[in-house]
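Same chain, two partners: chain A is paired with chain B first, then with chain C.
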Partner chain A sequence: MKKFINNPEDVVSEALTGFVDCYSNYYEKHEEVNGVLLKNRRKDKVALVIGGGSGHEPMFSGFVGKGLGDAAACGNIFASPDPGTIYETAMAVENSKGVLFVYGNYAGDNLNFDMAEELLEEDGVKSTHVRVWDDCASAPKDRLTDRRGIAGDLFVVKIAGAACDAGLELDEVKATAEMARDNLRSIGVASSPGQIPGLDKPTFEIADDEMEYGMGIHGEKGIERTKMKTVDEITEYLYFNIKKDMEINSGDEVCVLINGLGSTTILEMSIAYRKLKELLDADGVQVHDSDINSYCTCQEMGGFSISILKLNEELKKLYDMPCYCPYYAKEGK
Partner chain B sequence: MENLNAVQAKEMIMYIADKIIEAKPMLTEVDSAIGDGDHGIGMAGGLTKAKTKVEKMESPEDVYAVFHAAGKAMLMSMGGASGVIFGSMFMAGAKGMDPVGEIGAEELAQMMKRSLEAIQERGKAQVGDKTMVDALSPAVDAMEASASEGIVPMLTRAEAAALAGVESTKNFEAKFGRAKTQGTTIGFQDAGATSVWIIFKSMKEYAETH
Partner chain C sequence: MKKFINNPEDVVSEALTGFVDCYSNYYEKHEEVNGVLLKNRRKDKVALVIGGGSGHEPMFSGFVGKGLGDAAACGNIFASPDPGTIYETAMAVENSKGVLFVYGNYAGDNLNFDMAEELLEEDGVKSTHVRVWDDCASAPKDRLTDRRGIAGDLFVVKIAGAACDAGLELDEVKATAEMARDNLRSIGVASSPGQIPGLDKPTFEIADDEMEYGMGIHGEKGIERTKMKTVDEITEYLYFNIKKDMEINSGDEVCVLINGLGSTTILEMSIAYRKLKELLDADGVQVHDSDINSYCTCQEMGGFSISILKLNEELKKLYDMPCYCPYYAKEGK
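Then we have the complex of A and B:
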């Protein structure tokens, strides 16, 4: 696959430099490690540090902003950042009120973030974490903690960021972010693979006329491979699977994200949203807010996911607080 | 070799690093068959850092400090699950040990045993999960069983046990990490286990010639 790169080994550092230079009104790069730091941060709150492997842009570096992450620790392509990168990034933004880490639930991320927390503890800095496991196709319900984190990361970052801004203490911010995580489900469909820059093979193979439900954002095996279907049929299937996993009742209020995996267009995803809205209306579910965008990608992978965050009073209040970064902004209500 | 002194530990790590860097294309190929193909790049990068780190230690006097420094350099640069796991392989067993100028076979075996325990505690992998533990665990067993024979015979047995462990991974289905991608993983060897074998093979080769 063709890629606009120089030396494959320099992809992450060159991309981060370019990203931070471009948005230098908002961001600065950590001097020693691959960390993106928010300039002009509030200093009187719990620090929210997000992160994970690179290659999913704008996740995670693109969700550093006001009312969002204070910093992002970035790993190599599809690989968790090392403990030193996470530790240094956290130390650069912590304000003596503790650090909350929000990241996707993957073996590598869990290992490295845990070690970073041990390093922070040695320095007397309080920290804790919320692992996002929104992909309900990735493991059965009785093995929630085996599930992977995908586009739903965004909702947890949004709620956690607002909780930090609201002045909550570290344990309260964690509990609130966990509440968001537990009221959240996602599931995706894939139609074509993405490719790691510098490797000559795509992340998986799939026939031109096929698609796969439930595939992960690194090409992890999904739940069903079938011939290509209409977007209405696909949307029904995805919504049905979310409803099977999380109770959604008439009168519930939800936030919705249709997330593109890289090469699927806003045009196509808008058709999916139209169908989803129809289904939600028929169930008497109110959409409080929604987005159609490619926020959590897998390079040029084709496909999209649906994420549904079920609101309660507390989550709604936090969701309605303003946030701003170049890739994502909410005005606040 | 009867004992491993700190200077030899440094040279041994540099030798391991060269062998892993040499094996980068092979490890990439092994990993690409069932994983995302970045294991060789990650290991070569990590051991390059480890080599650079120990190279700077002029006349080291503590064997454990050398292993610890190498492991920490890997841990703090690689990222991914491999960074923590392979960093721990060198670092965890040496952590908190009183400085010593040289160690015998028994101490080397015990160091690797502590590393294995730390890796299993962090990574939660058991033998049969198609991970590097499938090679490291039998290699450590072999070291413990043959430590009384001396360093070279012990490492010879450890290498053979690690290689058998690599072969055994072909019979297992992967449970961890990105190996959970398309299709079955049975019939394919685990890349992490392969790296463990290369590390033991290199330790043996270095010990044989020094």
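Then we have the complex of A and C:
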């Protein structure tokens, strides 16, 4: 696997430098750690700090923006940022109204973000967290907290960012972000692996005519490997698995994300969306807003996921607030 | 190559249906042809119609929006839209102030867009065109009109869209878009091919340790095939080739796009941007704005291109006007 890199060890620091250089109208890099900070951010609100391992770009660094994250703490590729990075990143953006951390539910992230919260507490800075576990393929329904966070992270960041902007207090922002998380399910399919720069093997192996449902965004094992199917069949399978997990009724309003894992094209994902819309229409479910993009990738992995966020009045109001960053902009309604 | 499709023959029509379904808050599909139309568009200005072959998503359908294209005429994969499609798409959005077509400089597109212009003329609708030929690897400097259009299309669409919004007349919009085109150069590098859905072979072959400079976005032959190099070496090569072709002086202001061809990650392109910024800084060139994204793809092709737009006062003013579509939003300055 050919990669456009220099020294594999420098990938994350060089990429963060370039990323912040490119978007220097919006971002600055933390002077000491791998944290991306929003310039000209509001200082009168709860600070939203997001983060996790690198390698999933634009997630998380690309979701720092107005009405989104105030900062992102970035780890090495597929590795949690260390507690010091998280702590310093949070300290750089906290405004004495407290810090909400939003991140994917992985053991390393949980441990390191918790340690950062302890460090903040020692400094008298209030903080709390919402762990996203939207991947309904990664553990059974009665073990929600064992599930992984995948592309649905974006919806929780969007809602939490809007709640911060709306002036809610820390415990209210947390409750709202949890509401988004609990109304959200995702599931994906993979057809080819990604590869970490510098390693000589991809994250998994799969035959030329096979695909696997439910794989994670680091190549974690899924729930079923089969021969390649049509995208209509795949979309039905994914949607029915989400419906098995979350009640979706006629009259419900939802937001939908079809997320590419790296090398799957907008063309292919648009075909999937077409089928999904048919299925939602047949169920009487109304789509409030939707996106097709590669927001949470696993390097150049092939495949995509479907995320569905069920709205209620509160979530809809927050979803409809505007947000802006170079990778994700909503005009607001 | 596994693709997420149904019947290969239905890829473009199914994808366009899904794409327009997904962004139905913004777009509608032309009832008869493969045209994407902006809803709620301004009716008091020159209509900007963009288009070309499908398979490069989000280019072109994804650049229909406020301050961007009013509509996109979409061909089959890597094939120009037919004259009827272009004509009908233009007729659906023209406002009696004339139509400007912006598209990449390819024989098929040139022929079909010209024929559509003749059809419009028969109906008494004024139209003209700007062909984008930003790829400086595709023909020598004294044969500009033999060059191909690649990712730099986006800059010409941005400037033309802003010129339309600013209320310029058709001939002025054309002159402005040509000014953008003439101040723009791009060049790319490829490391792996893309594949058209339904075909059993990729667009080209390349060894596991090789890359090629100057390849086109349909896999057209480039200017030099070599062993894989570091991204810093590649970035220097690309920048120096642009500088050989276009005068860039200390004090100049530029906009920069690093465009991924499909499977190349934001992480990798960010490292390239870091090097490019060093080189521009050393030359005393100021970056006014920049992006790292996969805006003009060749299915899941590996590689990226650098596009540089040299600004003058007029181009800068137009570039700084706001625009919005789901794939490309600028807040304006």
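Everything that follows uses one rule, which is that the second predicted complex is superposed on the first by the 333 of 333 C-alpha atoms of A that agree within 3 Å, B and C clash if a C-alpha of one lies under 4 Å from a C-alpha of the other, contacts with A are read in each partner's own complex, and residues count from 1 in each chain.
To be clear about the criterion, a residue touches a chain if its C-beta (ideal position, glycine included) is under 8 Å from a C-beta of that chain, and two chains touch if they have at least 3 such contacts.
In this text, all values refer to a predicted model and were calculated from it rather than measured experimentally.
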item	value
A:Lys3 touches, of chain B and chain C: first, second, both or neither?	second
Partner chain in contact with A:Glu205 - chain B first, chain C second, else both or neither	first
Which superposed partner A:Gly219 touches (first chain B, second chain C, both, neither)	first
First, second, both or neither for A:Leu111, with chain B first and chain C second	first
Partner chain(s) touched by A:Asp82 [first = chain B, second = chain C, both, neither]	first
Chain B versus chain C, judged by how many residues of chain A each one touches	C
First (chain B), second (chain C), both or neither touched by A:Gly188	neither
Set intersection of chain A contacts, chain C complex versus chain B complex	77
Chain A partner contacts - residues on chain B that touch it in the complex	32, 36-38, 41-42, 75-85, 122-123, 176-178, 180-183
Residue numbers on chain C that touch chain A, as the complex places them	2-6, 11-12, 14-19, 21-23, 25, 54-55, 57-58, 62, 77, 189, 191-192, 197, 208-209, 211, 228, 230-232, 234, 256, 258, 262-275, 277, 289-294, 297, 299-300, 302-304, 324, 326-327, 329, 331
Footprint of chain B on chain A - complex, ascending	9, 53, 75-85, 106-108, 111-112, 114-115, 196, 198-199, 201, 203-205, 218-221
